[in-house]
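Chain lettering (A, B, C, D and E) follows the sequence in which the chains are written, and residue indices restart at 1 in each chain.
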């Protein structure tokens, strides 16, 4: 999985019939200091993630292993919302939030 | 999924027998300002996308989860046509269109 | 799929038993002007492609969806031979051939 | 598989229901001299790996082939803890540990 | 598949139970002149490859299509040992060996 931040939404009315109701979120990659990197993906949300939240994204066939994404043409899914990172000597997310 | 723009078509008469009728579109990657990047893929169209349209492309095994691509040797499919992007403080696609 | 040009062959007598008869071709990536890029893959041929031909290559699990590659340990297959590219205002392949 | 080092943990209470109990570890890529590289993934642990350990990580659909990860939306799993590398003329891991 | 050279072995006693008996080889990517590149993967051997040999490596789900790797958490397998490359005007591997 990669660490990312939700920064926006993609609206698409014309889409594969199995994707009706899917929420396409723009997720930017983060480094371990939670700085946004240049690259991003459009991922389907399966956990109710909102803008600004730090999330985990699973890609490839694994992104079809949630209840909502099963058998659908999606290759990236948000499957967890991050509370914090524990990296020895640092608690990066908490530092940023305080 | 990645954000792309349809910029052309690939014609191929000699191809896998399951691909008869497939429409191979050239899709260039876009950044969040909708500028075209250097890289591109050739994707099968499943939603009637046309040249110049901004689309979402699913890759890998997920690209075989549309009605048309099932069990076919394709690794990229256009599965949505983008209406607009909502990125906080900006509505990028609408700006560009106005 | 990516756009490539067949530039050679890999010979391998010791290989997985399911790969007897497989033809391993060296395919170099092409840009939209059909210039060869540095990167290449070794792909199994499923359409009778020959040296110098411009082809489409499917990778990953999708490369196992041709009659010959089914259930075999291959991750790249040539599934189409390109006649031409139609990119607005240009017909790149034809220009090069004339 | 890639060679990595466990450097931390990601905590996430809101996640896909199948991921309850999953341990998300931050794994940094290593080069052959076991120096940490910039890139990292978040991988589920299936072998009891701890911080500072050198591990092997399998990605993609293969990461769902362990007892714990089966049918779950994860795309990276730690499936082995490395004892040492044997590279001709060098025994890199042992050198570093002595 | 990519072209690589076996340059060493990874030893790991603590690993997924299905991987007992697996041989993890370090395979460095090669360019078409058979020069070693910086990147490498750890691949399971399915063809009896030895150090110094030039091989083909299949990655992703395709790496689970050999007799030994089936249903195991591995994402790279050596499925062929290269005898030679035929690239027009050059026979690279033979040149190097002579």
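By definition in this document, a residue touches a chain if its C-beta (ideal position, glycine included) is under 8 Å from a C-beta of that chain, and two chains touch if they have at least 3 such contacts.
Just so you know, these numbers come straight off a predicted model, no measurement behind them.
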In contact with chain C and with chain D at once: which chains are those? Just list them. E
Between chain D and chain E, tell me the centre distance in angstrom, where each centre is the average of that chain's C-alpha atoms. 20
Give me the residues of chain C that touch two or more other chains. 60-61, 63-64
Can I get the ring sequence of chains, opening with chain C and turning toward chain E? C, E, D, A, B
Residue positions on chain E within touch of chain C in the complex are 1-3, 31-32, 46-48, 56, 58-67, 69, 77, 79-88
Under the stated contact criterion, what part of chain E meets chain D in this complex? 7-19, 24, 26, 38, 40-43, 51, 60-61, 63-64, 71-76
